[in-house]
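In what comes next, chain A is part of two complexes: it sits with chain B in the first one and with chain C in the second one.
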Partner chain A sequence: MRKELPLIITFITALVCFVPTVFKVTETDVRAIIDKWFVVMESVMILMGVVNLTRVHGSNVRRRRVGWIASVVCLVTLYAYLLLGIYETAQGETFSWIYDNVLQPISTTISSLLVFYIASAAYRSFRVRSREAAVLLVAGVIVMLTTAPLGAMIWSGIPQIGKWIMDIPNTAARRAIGLGASLGGYAAMIRVLLGLERGHLGGSGA
Partner chain B sequence: MYSIWKESYFTSSVFIFIYIALNYYYLRRARAGLPIPTIRKIAGLEAVDEAVGRATEMGRPVHFTPGSIGFDAEGFASMAFLGHLAKLCARYDTRIIATTRSYLIQAVYDEIVRQSFLEAGRPDSFNPDDIRYISGQQYSAAAATLGIMAREQVAANFMIGYFYAESLIYAEAGYQIGAIQVAGTTNTTQTPFFIAACDYCLIGEEIYAAGAYLSKDPVLEGTVVSQDIVKQALLVLIFVGTVMASFFGQTETLVKLLRL
Partner chain C sequence: MNIWERFQHIDVRIIYVVLVVSIALPLLFPLNFPIEVSKETKGAYDVVDTLEPGDIIIMDSAYNPGSGPELYPPAVAIARHAFSKDVRIIGFNSWELGAQMMQRALDAAAADYGKEYGVDYIVLGYKRPLAATIRAAINDAWGAWKADINGTTFDNLPMMADFRSIKEDCHMIVVMNAGSPGAGNWVTYVGTPSQNPGPNNPDGFVRTIPIVVACVSVEISGAKASLQSGVYTGLVPGGRGGAEYELLINHPATGVGAMDAQSTGHLAIILFIILGNIGYLASRRSA
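Now for the complex of A and B:
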């Protein structure tokens, strides 16, 4: 029953969402009601995240693992910000100030790491080791020159070729992958709905 | 005839029913031991055993992250993949670290990995602290995951799910510590980054087939075959539409039919 119960719940919930979406059986927006349930459940489930963070970092601190000071900082920040949010609400001045002036700059800093990572990954990809890599190199250089003013200065045809690469082969490939992925996602959800794919149940259910 | 269907849902419903019927047909054939068409080899999935084996030999952990997923198709695909990965790690008694941005998914991952170690007869090897909820914030999660990968010196890094800009941060972190990397996402903007930075990359729908492919279960493989047949039918439709639009100036007929 441990495996069957989740499968039954999944099947019934999916059917309850699917049938009124596709067929004219009810005027009530069943999906909207289930979406509301999901929001309520999600709000409760956030506690699971807090519990997990507390357990993992609490364990780091107790056992004095490498970098345990960072775990202390994480736990203090988590609970201090949580209490501040409860006291001040999410629209509170201090709460918003911390979010805008601490979290956002840190996120932007991490995001800026991408510049170096892109350069490093591009260097490895552009090393011509095969015909495919050669095609990638040529296309990449043309597109880069298209977006940089230097391209048009070298030859006025470069921006046109770059635009063609982006508009025709690139768009065609992206749409083909997108089409396959949408269909694959659709098929995967039907497999879950029918209980054929049980990876989410773990163990031999997978 | 189709008055019980809501507007513009008739054709898509027909496709769903055809897909379910095909699934049922191949399911019956597989259960009866009759031959079914084989799925082509997917290099990224063939490499999973090799990557876990390498981690086992090196005595280093395996890392898995699904990126930015929830209870959606990519989420279920990541769970199916993790289910297989956890079973492999449990069999070889290799440590597995799973990090996620979703507290909902973290609870499911915990259960998947725990169950895999239990069934392998190694409940003591399962460490609940290795199944970690990181943060809902995109870059906070990226920074923390990067740190975990570097500190734990993971030997294999699996990234299967849906990724935004953090994809390259994970992939480059894995490359720098010399981990063997298998990645897959349906986000076409991030796929090139994975192709550039990882050893193996699953493209588009391959991540959805991973669970069925890795299980080597003919019943599940039959469902992927059904999917391929529907995809071929769609390709025929695209071809017919292209011919109708290019040579006969008919751009609306097929669209109207599909919107029934």
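Now for the complex of A and C:
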């Protein structure tokens, strides 16, 4: 029963959510109740995240594993900022100061560093090794120039070609990928619904 | 190895230094490259422009500070545009770190038009779980969200007296979208007409609320498909879209300023790609 019960619950829950949406029949009260449960479950998930983080990093500190100092910093930051947020609210002076002067610059810096990796990777990998690579290279350069005002200054035709690339071949490919992924999603859902996919029970699948 | 072949093995540190210089210099000494407004951004502007005084829109900050350089300028520009038309704004946050970004954007725009917090705009803060709260707010925003980011209940926020549900009182959704969750939730639960009656939708919610999306550059390729199919009503594409929107409202700011750096940065990368290919072709010929 340890496996059958979760499978039955999964089947009924998926059916209650899936049928009204797809077959356009009246929603049931059960759907609204599941929504409320979802709210509670999300709160529990956040709590579980905090507990798990504390256990993992607490263990690192207790056993003095490599990099345990970083675990101390992680735990102190987690609880100090959490308590500060509860005490001051998100609009508190100190809470906002830390957000503005620590969190925001760090986040922006990490994102900004990507430009260097992208530039370096583009330089090393964008080689005209084949006709396909040449097409990719030319399309990439045109789109890059299209998104910057400089492109139109170099030649007025660049934005028009770039727009065509984005509007026609790009959109066609995106739709094809989207449709494929959606069909895959349906297939995965039916497998879960029928109990063929059991990864969420902690097993290794069918 | 001749000089041409050496182009294939440029030291990565040289690439980094050239990039830093090419991006930093135009920020310090603006070049003022002309920016042509795209059809997409003009379309989004026109959609926002249809709002009437007193309308209420939801602006969702679905990004974190890392995407701020691309999405903060359009957030402020769209808020300015809305406030200039006496439209009221509810700031929503799909991402936990987006709340302060939204607060700052709305405060900046409100200051220009003498708008007051609680009367002309509010910020809800981060509400989890997103899908469930959005679904609930379609019929009962007060029950779903209850209070703003400061914990002030809706009873004490005058503009919320006119906003009981998304279904009846929301005139537009504007999403600052850096990924998921974000525009997808709004499209699924609010933007898509549904005629299924039920507890969350007792009357059969058939009205489609316009969804305008400002996205980061890496999202443009997917967002274009959504715009073409009508899923998005308007699209402000990437940092350039933000700059274009600033020009449309005659309020050039950081978005426009960043476009020079984007131009020179892109040019530097393209030059390195060309040099790398010259080196590659030269080495292939000599081999």
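Here is the rule we go by: the second predicted complex is superposed on the first by the 163 of 206 C-alpha atoms of A that agree within 3 Å, B and C clash if a C-alpha of one lies under 4 Å from a C-alpha of the other, contacts with A are read in each partner's own complex, and residues count from 1 in each chain.
Note that in this section a residue touches a chain if its C-beta (ideal position, glycine included) is under 8 Å from a C-beta of that chain, and two chains touch if they have at least 3 such contacts.
Note that the structure is a prediction, hence the values are computed from the model and not measured.
Q: Using the touch definition from the top, say if A:P159 reaches chain B (first), chain C (second), both or neither.
A: It touches chain C, and chain B stays clear.
Q: Is A:H200 touching the first partner chain B, the second partner chain C, both, or neither of them?
A: Once the two structures are laid over each other on A, A:H200 reaches chain B alone.
Q: Could you tell me if A:V44 is touching chain B, chain C, both of them or neither one (first, second, both, neither)?
A: neither
Q: By the touch definition at the top of the document, which applies to A:I110: first (chain B), second (chain C), both, or neither?
A: Touch partners of A:I110: chain B and chain C.
Q: For A:S120, is the partner it touches chain B (first), chain C (second), both, or none of the two (neither)?
A: The answer is both, since A:S120 touches chain B and chain C.
Q: Go through the superposed model and pick first if A:G178 touches only chain B, second if only chain C, both, or neither.
A: both
Q: Quick one: is A:D167 in contact with chain B, with chain C, with both, or with neither? Answer first, second, both or neither.
A: second
Q: Of the partners chain B and chain C, which touch A:L5 in the superposed model: first, second, both, neither?
A: neither
Q: For chain A, which residues lie in the overlap of the chain B contacts and the chain C contacts?
A: Residues 21, 24-25, 42, 46, 103, 107-108, 110-111, 118, 120, 122, 124, 174, 178 of chain A touch both chain B and chain C.
Q: What residues on chain B touch chain A, complex-wise?
A: 3-6, 9, 12-13, 16, 19-20, 23, 27, 72-74, 76-77, 79-84, 86-87, 103-104, 106-108, 111-116, 118-119, 128-129, 131-133, 136-140, 142-143, 151, 165, 168-169, 171-172, 175, 186, 188, 191, 193, 195-197, 203-209, 211-212, 215, 219-220, 223-224, 226-227, 230-231, 234
Q: With touch defined as at the start, can you tell me which chain A residues reach chain B in the complex?
A: Result: residues 21-25, 42, 45-46, 48-50, 52-53, 55-56, 59, 66-67, 103, 106-108, 110-111, 113-114, 117-118, 120-122, 124-125, 174, 177-181, 183-192, 194, 196-197, 199-206 of chain A touch chain B.
Q: Which chain A residues qualify as touching chain C in the complex?
A: Residue list for chain A touching chain C: 20-21, 24-29, 31-32, 35-36, 38-39, 42-43, 46, 89-91, 96, 99-100, 103-105, 107-108, 110-112, 115-116, 118-120, 122-124, 126-129, 137, 141, 144-145, 147-150, 152-153, 159, 163, 166-167, 170-171, 174-175, 178.
Q: Under the stated contact criterion, what part of chain C meets chain A in this complex?
A: On the chain C side, the touching residues are 10, 12, 15-16, 19, 23, 33-36, 38, 64-69, 97, 99-100, 103, 125, 128-129, 131-133, 135-136, 149-151, 195-201, 217, 220-222, 224-225, 228, 238, 240, 259-260, 262-270, 272-273, 275-277, 280-281.
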